[in-house]
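The following block contains the structure, expressed as structure tokens.
First chain written, first letter: the chains are A, B, C and D, and each begins at residue 1.
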Amino acid sequence: MSSVKMSSIKLLVFSGSTRKGSVNTKLATAVTNLAKDMGADVTQIVLSDYPAPLFDADWEAENGVPQPIKDLGTLMGDHDAVFIASPEYNSGLTPLLKNTVDWLSRLKPHPIKAPIFSLGGASPGVLGGVRGLVSLRMTLVGLNAIVLPEQLSVGGAGSAFHEDGSFVAERTQGFAQAQLERLLEVAGKLKA
Amino acid sequence: MSSVKMSSIKLLVFSGSTRKGSVNTKLATAVTNLAKDMGADVTQIVLSDYPAPLFDADWEAENGVPQPIKDLGTLMGDHDAVFIASPEYNSGLTPLLKNTVDWLSRLKPHPIKAPIFSLGGASPGVLGGVRGLVSLRMTLVGLNAIVLPEQLSVGGAGSAFHEDGSFVAERTQGFAQAQLERLLEVAGKLKA
Amino acid sequence: MSSVKMSSIKLLVFSGSTRKGSVNTKLATAVTNLAKDMGADVTQIVLSDYPAPLFDADWEAENGVPQPIKDLGTLMGDHDAVFIASPEYNSGLTPLLKNTVDWLSRLKPHPIKAPIFSLGGASPGVLGGVRGLVSLRMTLVGLNAIVLPEQLSVGGAGSAFHEDGSFVAERTQGFAQAQLERLLEVAGKLKA
Amino acid sequence: MSSVKMSSIKLLVFSGSTRKGSVNTKLATAVTNLAKDMGADVTQIVLSDYPAPLFDADWEAENGVPQPIKDLGTLMGDHDAVFIASPEYNSGLTPLLKNTVDWLSRLKPHPIKAPIFSLGGASPGVLGGVRGLVSLRMTLVGLNAIVLPEQLSVGGAGSAFHEDGSFVAERTQGFAQAQLERLLEVAGKLKA
């Protein structure tokens, strides 16, 4: 990363869930705090600030892509890297996340190809959302996004985060740091 | 199928898309017509008759499961078999279908475990939605549904259906018939 | 299961690994013992008794399908149900299991369509081989097998089995029993 | 790619099949020729030159990793990028390819994390091996490899290649060229 300073890497972070107390929102916050400590320029958003109706091609033909999605697309295109904390709902994505991605894919050019992606998932059980991440990866890859291989699976998520937005377990914190280091390094090199 | 008459098998059919002119709705219609000809008791519905907001656990805590989803759950529980014609949106399900399934999974007992499922997908290109069906199968299986292995992939779907709701290609019609025969046979045996 | 006695259901059980001390072989043994207690007619085999070279179409053109694979195919075709305890190697099947399945698929008619399948996986870590089972299910479904949805994932498998071939945790034993009950019930109905 | 010349990018290419007349070997050859024309330093190998027994942990404990696999690991570690032309066998990898990858994963450090990967698949039918590539991607990603999203699916592969090792269809050649350009560009940047 000789030619790119860590501080110049712009990282966008969000959760696939918007419910109060979501463990994936806590994961997004912990990743945000950690990446800031590592010197990245981080923007954390919540998807409920970018609302859109359930995707419907007839609605789109009449109304076009909703303005909030256009705004999110512009924001995404303006970042070098994206971290998604993605809950697993029935072995797949949340309807909110799938809806947001499908709407974003309608923009021309679509903004999902621009940044590189890194994924994580938190769950109360032991699996940490691993099947949901299989689906999310397939969807992003199908949109020609580069998705880094490392995944941050946080099981037992009910007690995995401190109130101040940090990881409870040093081991998880270590995994998160290693994954973010690779993300920022690759983003820096691809930007150069 | 000695002990169960074909006419007593109740089959529910719907498409994952509700847009006008959807090739998957045409596939759902062609399957409906064929299954009726084969003697099944078929109900074809459109998901837009069972609307629900984007799934949100906070919304659910306040309002409960929406009545249309409860109605759909009752309908599904009343059928022996379900055929879904599922479009592929970005290698996954339509937001509408994922949202409907996730809401249904909140009912206690949830109705997806009751009938057996058979899947198909139509697409304008050659692949016939095969990656979307991988995701859909993972989601249904995660909900403990029995999903039969045969899949009806209809590529080149723009010219695959007659106006009267039948298949253009005899070969496709043959595949559809074989798949429905197995679905009705297995449904009959499991019901016995 | 009025018309079919549990004792008449023939269940074939094997592990995807043949190494000494394999936790998946222990899982296969525990499932075998449990199914016998439940009244099924169980055959447990080890795949190393059915050896075959790495699949190669040129080799097959010259030599045909190896006799041990033909024997395994006959055995499989003679059973109503199959339980596979499948290790996860690098998010996929063991080369041994994939090789065995690919050879079996060359028989005409291939025997994988005949019985119904139920899957499990044991692993030392927490995930219990869940990604490997995604691949195994895709492969079996692609061969038109009916694969029941329930999966027996046994994490922490190093201490999950007693020396006498039973499950240590009552909870796991309960899951195994429920899964086998559904397998035997469905197999009985489909056989009727 | 200012700081890295195309000619300095080392690309390793191989097919997942070794049978005579394999369409995936033809795809590997066509990709090799194209990448050479684009200025890359390409090594095309055949996996049968790196034989290994079916992976077995007991065998490994006694004999260690086979020398041909060590040689392949060294070769892979010496390249910046790898292109795999992967047949789909029953919705998964060939036993040969899975076996080779599983053996490679036993090397310390394992060489699959080093280069970046790009995938393609050829098949006689229309699907071009798309389900097999889902499995291959899961396996490589599970080994922490960066796998670029673009996939070169070549359907109707029986008539897709000229005798001289070039693509018949200009459209396919264009897709191949675009995919290789991105592969070489990303490999160059990550190497810088």
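FYI, contacts are C-beta pairs under 8 Å (C-beta built on N, C-alpha and C of every residue); 3 or more make two chains touch, one makes a residue touch a chain.
Nothing here was measured: the structure is a model prediction, and the numbers come from that model.
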Between A-D and C-D, the pair joined by more C-beta contacts: C-D
From chain B, the most remote chain by mean C-alpha position: D
Where chain A and chain C are represented by their mean Cα positions, the distance between them in whole Å: 37
Chain centre separation in whole Å, for chain D relative to chain C (CA means): 31
Whole-Å gap separating chain A and chain D, where each centre is the average of the chain's CA atoms: 29
Of all residues in chain A, the ones touching two or more other chains: 131, 134, 138, 141-143
Chain B-touching residues of chain C, taken from the complex the two chains share: 134, 137-138, 140-150, 186, 189-190, 192
Chain B contact footprint on chain A (complex, rising order): 17-20, 54-58, 89-96, 98-99, 101-102, 105, 131, 134-135, 138-139, 141-143
Chain C residues within the chain A interface of the complex: 126-127, 130-131, 134, 155
